[in-house]
Structure formats: structure tokens, C-alpha cells
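Two complexes are shown next, each including chain A; its partner changes from chain B in the first to chain C in the second.
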Partner chain A sequence: MDIQALLIERIHRGDRSGAHALLDAWAAEYGYEHIPAEVLDPMLIQLGNEWSTSETFTLAQMYVAAKVTEDVLDKVSHLFKVPGEGKPPKGPVVIGNSEDDFHALGRHLVGTFLRAEGWDVHDLGNDVPAGRFVDMAQEVGARVIGVSAMMLTTALHIKKVREEIDRRGLTGLIQLAVGGSVFNVCPGLAEEVGADGTVANALKAAELFVRLGEQSVRKETGA
Partner chain B sequence: MNRAVLICCSAFQGEMESLRKNNWPDHELKYLASALHLHPERLAATLQSALEAELEQGNRIVLIYGDCCVRMTDFEAMPGVVRTRGKNCCELLLGAEEYRRLSRDGAFYVIPKWVCRWKRFFNGLGLNRDNAASLMQDLHRTLVYLDTGLIPVPENVLQECADFCGLPYEVRPVSLDALHGAIEDALQRSTLQQ
Partner chain C sequence: MNSMERIQATLAGKPLDRRAVAPVLGLYGARLTNCPLDRYYADPVAYVRGQAAVREMFQPDILYAPLAFASIGAAFGGELVHLDTMPPDLRTPAIQSIQQWNTLMPPDPDSHPQLLYFRDAIRLLAERFGSEVPIVIMVPIPTELPDMVMGLEGWLETVLFNPTAAQRVMDKVIPFYVRLVNGFFAAGASFVVMPCGFASSAIATRKMVSLFTRPVLLNVLAQLNGPVILQSMGAPMLDHLDLLTDVPRVSAFMVDQTDDLARARAVIGPDSVLFGGLDCTNIGRMTAAQVEEQSRAILEDRRQDPRFVLGTSGPDVAWHTPPENIHALRSAVDFFGKVTA
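Let's look at the complex of A and B:
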């Protein structure tokens, strides 16, 4: 069995320490610097695809995948003094939970997976007012704001972020990504709150942010 | 539509029985199992049936629920139905301001009805002790037990749960004033709708 398959098997079991033991053994032979590209990225792609089409994964599995990723990033960063995985920086993004929303797990996972892909993540935490998202995006030059919400009532607060982006004349220049379980069970909700895009799980967030970042560049350059 | 039926999550059963004696002795109170929250689609279907049955009888309805499933706004839009204002049972017990303050401080809420089920809850999420502790410490700072004073505080169970989560716990006495106020507000809106 290859390393990705073994690692995924441990993540399926929620076995974080087993996953680390496996990575350490692999690194002893091939070098830790190769783990991100040769082990972690393929694993995350495979899990993202698997979890997009299945509802059988558990919160524990998603969490362990994020923690393994986070631990690898920390270790690579510490060993080789490079941020993220040493990938080319993709730029700043802003994430947070919508106003009145305190369900931090999804946001936490998204932040981890975005960092793994080289994004400079500015995480504003829970219960973030609409204006603060846009203030921060303007301050750091983010092209994408990601807002997480767990419940319908808090998801509807995201409309205020849309309004704030538009009010400041930043439509298209700052793209609005949304996520959270409520968007998976309410078709059309992402459009209703004015989002530019959404994805079904945290592992797919990096793809979405790349796409939205490109849309922002096209808007800016008129291409 | 004159008669109001209160449809309530059984998470509040003890608190509701305590409030009803002095406040709404004439209103009928019906409970739906709190365990339905584990299956939101089943909760929605059960609520739908319960609402239709009461509306057919010509009753007006107060739903004593938070934003517990995505169809809650559809239910509230039904003529004759109003819902208490609050995102979840903890906010109904604490009031919006206190709920927000404690949440910002990293509270993970534990209510009397839930506390004995904590092992099942974490098992259901697939979290063993290590992962549960890591996750809870990533997301929260304290377990906050909302003590409504109706049952003795289960200190041993709380300690066990806190140890499992790797967090301290605190017991916060909570009066039933906020819940009472939320229901009174909903009853008034229900009356005005008539």
C-alpha cells in the first residue's frame, strides 16, 4: 500500500498519532521537505474528492486531516524557515464567521487548508460584523473574503457583507466566498446571500479561492 | 384561532413545566424529542406534522425552538405560527446579550438535559479522547453548565466531561426569566397575528 493510502486509512480511523508516526517514518527515508508535495497534497486532493461525493465521513476525520496538515505546515516551517509549504504565495485572504455565528470549526478547517495552499490567511474569528470583513480585506489587499455560517439565520447576515462590498464600489474586485453546512442543505442560499461562490466542504475551499481570486484579477484588468 | 398550543423541544421540559404552573396554566404544551436534533430532516418532518395537526384543529401555535433546522423560517411563515426569538436553546435560556458575551469568551454550553449524554455526543462525532480534547481546546475555553436550579448540579459528570475535553468547567446559575420573556413575547406576537 502506498503512503497516501496508508495515511488516508489512518485519517478514516481518526488516528492522528498513527498518521504522524507514518509521516515520520516516511520522512526518515525520503526527507521531510518532500512530504507536502509528495504526500500531503495528493492526500488532500483525494480526501476532498471523496468527501465531495460522500456523506459518510465524520467530523473527526475532517478534523484529523486538518490537524495533520497543520502539523506538517508547522514542522516544515520550523525546519526549513519557509511559510506554508514553501509554495509560491497566493496572496492575502480574509475569513471569519458571520455576525452572531459562533461555530468556528468549519472556519478553522478552511484556514488550515488555505494556508497549506500558500494563502496568507487573516482569520477574524467568530461573530464578525460585515464592515470589519471589508475593512480588513482593503487593509491587507485581499481579493477574496470567506464567510462561514452554520445556521440559516446567521447565514442571512452575510447579505450585509455583500451590501458592504457593493456600497464601497468593490463589486467583483473583492469576491465573496461562503460556506457552512447550511449551504449544503439549502440550495440557492449562496445566491440569496449574494455570494460569488461556495463549495461543499473545507477541503475544496482552496480551489474556490483560486477561482475567485482569478475572477477578481479579471475584473480589475478588464480581461 | 383562539387557543394557543406551545410546541416545545423536550430539552426544556423541566423548565417549561416549572414556568407553566405560574404563567400559562391554560395553554396546552406539547413536547417533541430533543434527540431529533441529531437528525435535522427528521426534526423538520416531525415539526411539519405537528404543526399541520394543530392548524387543522384551528389552534394557533408558539414554537419554543431555536433556529434548529433550515425549515424553521418556512414554519414561521405559516399563518398562525410564531417562534421564540433565539438561535438555540442556550440563547433562549441566557438571553441574547449574555449568550453573545459568553460565546465570545469561548463557552461550550452544557444544559441539564444534555449533560448525561455527553459521551454519546462525542462518540457520535467519531471523536476519541485525544481528538475531542484537541478540537475542544482549539475552539473553546470553558464548559459552561447552565444551572436552571431544577435538578442538582451533576458535578461528577461535569468533571468527567471536562476532563475528556481538556477544559475547565463552570456552573452558571440561570433564572428562567429570559426563557419566560421569550415565550411571552412570542405569545404576544401570536395574539397580534389573530
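Let's look at the complex of A and C:
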């Protein structure tokens, strides 16, 4: 069995220390600097494909996957100058929970997986006013804002972020990603709040942010 | 039949004048009485006034005591935040780390104002309506209560990676939990509904349910003085339902809208009551005609099931739900008329 499959098996079992032991053994032979590209990335892609619907994974397994990812990032962080394990940086993004939303876990998972893919993540925390998202995106030059919400009422507050982006003439230049369990329960809610995109789980967020980042570039260049 | 008789007949599998209907309308009472939510979730008299309006307008077959889990977290020392159209939430939990459990003392269910609010609301509801309609309160299962005290992330981390510490937490939580819930029964609760996030196949692995959630439920529920309904809380529970069917005191299961009702019935057997229905959030985003049509489809599926109740899936029916959508649940039930045993 290859290292990715073995790691995924440990994640399914919730065996974080077992995953550590595997990574350490692999690194002893090949070096920690190769873990991100040769182990972590393929594993996250494989998990993302396997967990493509909410029926195929549990929050607990997703959490273990995020912790293993964080562990890898910690182990290799001293080897690289920038976050993202030496890959070309993908640029800054801004994430946070919508106004009145205090359920941080999903956002934390998204932040971990985005960092693993080379994004420079600016996490604004819980209960973030709409203007603050856009202020920060402009300040750091982010092309994507990601807003997390757990309940319908707090998801509907995301409309204010949409309005703020549009009011400042940034439509298309700053893309709006949304996520949270309520978007899986309520079909059409992402469109209703004015999102440019959503995905069913945190592992898929990196893929979404790449796509939205590209849309932003196309808008800017007129391509 | 009044609602009490209807629910009792459903429990016994006896004929009914119509199917029981039990949407979760705790929050909705505040909307009907135009009551600010910071008052509604602090003053039991205001809450009961709201439920009187619910009862008058919709005649539900169950009345719910306040569904405000964050208030339990606040009783442990968390910071509560009141919201405009939702029950209160926790801005910050009481503690941030597992080590803080060592010195944390659970609040006294007999004297803490935030916990007495629940008990007083149950008592007042039971005094006013208890002869005609069951009074029910929702309390998360004991393995989920620490989530309200330290936040989901910290608790999940503990359960997954530090089972010894998780067990120590449960040793502290369980006596509190038993006193709290038995106090609700003593005040007049007919049932306690227990949302089971830590038993859901969307949240917990089968191993977590088998080795952690289930043993705690077997222990705790045996100490309770009244019947329990296990509830999905808006997440699928069917895949782990077989691990919960022999838990003591459980007389009913409220499954998720995504759970197959026929499969759920096959797992729980013929003697337990099964609740099913539309998602509490989506019900407000549909038309009344859609609500009635989809509810009729559910009832058609359960036509031969004498122990089925049409409920809603998840927590409270959303604030913005039009009243006609809630009336549509009753219309769907009336369409089918009597239920034969």
C-alpha cells in the first residue's frame, strides 16, 4: 500500500499519532521537504475525491485530516520561507464567519486546507461585518473572500458582503466564496446570497478558491 | 382526541382521529407575540405567552419548552449573545482548554437562573397546557454538552485524541446532566428530546458512537425518570441508528429529512415512535403548496405506520417561515384523515 493510502486509512480511523509515525518514517528515507508535494497534496486530492458528498465522510474524519495537514505544515515550516511548503504562493485570501455567526470549526478547516495549498490566509474570525471583509481584501490585495455560515439567518447576512463588493465597484475583481452546512441543506442559497461559488466541504475549498482567483484575473485583464 | 390522547395513542399504536403533527415552534412563539428575543429567552412568562399563541394558531400536538442550548453553556460561564431572529448563541465558551475542566464546577440546576428559566417555562407550560398537550424540552445528549462549555473544536479534539480526558469530563458532566434532566421531568416535561450530533453519521465515526456515545447513553438514560426521544438535529442518523435502539428510556426517534423513513422503521422496529418531516430551515423557503405536497408524500410513505408522527427535521422552524407553510403541515395530515392501528 502506498503512503497516501496508508495515511488515509489512519485518518479514517482517527489515528493522528499513527499518521505522524508514518510521516516520520517516510521522511527518514526521503526527507521532510518532499512530504508536501509527494505525500500531502496527493492525499488531499484523493480525500477530496473520496469525500465528494456529505454522505461519504464525517466531520470527525475531516477534522483528523486537517490536524494531520497542520502537523505536516508545522514539521516543514522551517524549511521554507513562505507558507505553502515551497510551492509558488497562490496569493492572499480573506476568510471569516458571517455577521452573528460564531461557529468557527468549518472556517478553521478551510483555513488549514487553503494554507496547505499555498494561499496566504487572512482569517478575520467570527461575527465579521461585511465592510471588514472587503476592507481587508482591498488592504492585502485578495481576489477571493470566503465567508462561512452555519445557520440560515447568518447565511443571509452574506448578502451584505455581496452588496459591499458591488458598491465599491469590485464586482468580479473580488470573488465571493461561501460555505457551511446550511448551504448543503438549502439548495439555491449560495446563489440567493450572491456567492460566486460554493463547495460541499472544506477539502474542496482550495479547488474553489483557485477557480475563483482565475475568474478574478480574467475580469481584471478582460480575457 | 386532544393532543395528549393523540400522542399517547400513537405510542400505543392505537387508532387515531388523525396523524399527530409536531413541528418545533419554540422560536416561532416570539414572532407571533412580537417579543424581543432577549426577553423571550430570559422570561418564562414571555415564553409561555408565545407558546400560547403557537397553540392557538397551529394546534400542534407537542409544545416545546425553550430550545436555547447556548444558555446551558452560559450557565457554565460562557458569554451569551442575543440575536434578532434566532435563539441566543455563545460568543465565547466558558473555557478554552481541556485542562480548565479540572477546576470548572458545573452550575447548580436547582438555583442557577439560566437553568431555572427552562424549568420554570416547563412548569408554566405544564400548568396551562399539560392536561391537553405533551410538553417537551430539547437537551443535547450528554456527550455533546461539553461542546457548549468549551466549543465544538476543543471537544472534538479531546474526544478524538485524548479519550482519557474525555472520560474525565463525562464523569463531571453526567451527575449534572442527570439532575438537570430529572428536574425537567419533575417540572412537568412529558418527554425530553435529545439531539444526537455525536451519534450522527455526518459528525461522528461509527467507532466514536460505539465506544464513546453509546456507553454514556446506556449509563445516563438509565438514571432518568422519564421517556426520551433521540433526535437527529438536522444531520443524518440512519447509519448509526442500530447502535441506539436498545438505549433505555427511548420511546421515539426523530430522524433527519435525508434519512429513509422505511429503513429507519426497519432499524428501530415496530414498537418505537418514528418522527419525520421536512427540514426546519427549508420549510420557510418553500411555498405552502410545496410544503403540503412534500408532507403528503411523507405521509403516503408512512400510511401503514401507526406509530409515525409528522414533525420537522432539525432545530426550530425558522423565524421567517410564513404561517401558511406551518398550516400546510396540518392540511397534509387532514387529507389522510384517520389512522387505523
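The rule is short, and it goes like this: the second predicted complex is superposed on the first by the 216 of 223 C-alpha atoms of A that agree within 3 Å, B and C clash if a C-alpha of one lies under 4 Å from a C-alpha of the other, contacts with A are read in each partner's own complex, and residues count from 1 in each chain.
By our rule, a residue touches a chain if its C-beta (ideal position, glycine included) is under 8 Å from a C-beta of that chain, and two chains touch if they have at least 3 such contacts.
A quick note: this is a predicted structure, and the numbers were derived from the prediction, not measured.
Chemist: Looking at the overlay on chain A, is there a clash between chain B and chain C, or do the two fit?
Modeler: Aligned through their shared chain, the two binders clash on chain A.
Chemist: A:105 contacts which: chain B (first), chain C (second), both, neither?
Modeler: Touch status of A:105: both partners.
Chemist: Name the chain, either chain B or chain C, that contacts more residues of chain A.
Modeler: So, of the two partners, C touches more residues of chain A.
Chemist: Would you sort A:185 into first (chain B), second (chain C), both or neither based on which partner it touches?
Modeler: both
Chemist: Quick one: is A:127 in contact with chain B, with chain C, with both, or with neither? Answer first, second, both or neither.
Modeler: Both partners.
Chemist: For A:58 in the superposed arrangement: first (chain B), second (chain C), both or neither?
Modeler: Both partners.
Chemist: Check whether A:14 is in contact with chain B, with chain C, with both or with neither, and answer first, second, both or neither.
Modeler: A:14: touches chain B and chain C.
Chemist: Scan A:151 for contacts with chain B and chain C and give back first, second, both or neither.
Modeler: Both: A:151 reaches chain B and chain C.
Chemist: Chain C has the stretches 9-17, 135-143 or 333-341; which one runs into chain B?
Modeler: 135-143
Chemist: Starting from the residues of chain A touching chain B, keep only those that also touch chain C in the other complex, and list them.
Modeler: Overlap of chain B and chain C footprints on chain A: residues 14, 16-17, 58-61, 63-64, 67, 100, 102, 104-105, 108, 126-127, 151-154, 182, 185-186.
Chemist: Under the stated contact criterion, what part of chain C meets chain A in this complex?
Modeler: Touching chain A from chain C are residues 81, 83-86, 89-91, 151-153, 156-157, 159-161, 201-205, 207-208, 234, 236, 279, 281-282, 284-285, 314, 318-319.
Chemist: With touch defined as at the start, can you tell me which chain A residues reach chain B in the complex?
Modeler: Per the touch definition, chain A meets chain B at residues 14, 16-17, 58-61, 63-64, 67, 100, 102, 104-105, 108, 126-127, 151-154, 182, 185-186.
Chemist: What residues of chain B sit close enough to touch chain A in their complex?
Modeler: Interface residues on chain B, with respect to chain A: 40, 67, 70, 72-73, 87, 100, 103-104, 125-128, 130-131, 134-135, 138-139.
Chemist: Which of the residues in chain A end up touching chain C in this complex?
Modeler: 12-14, 16-17, 54-55, 58-61, 63-64, 67, 100, 102-105, 108, 126-127, 151-154, 181-182, 185-186, 189
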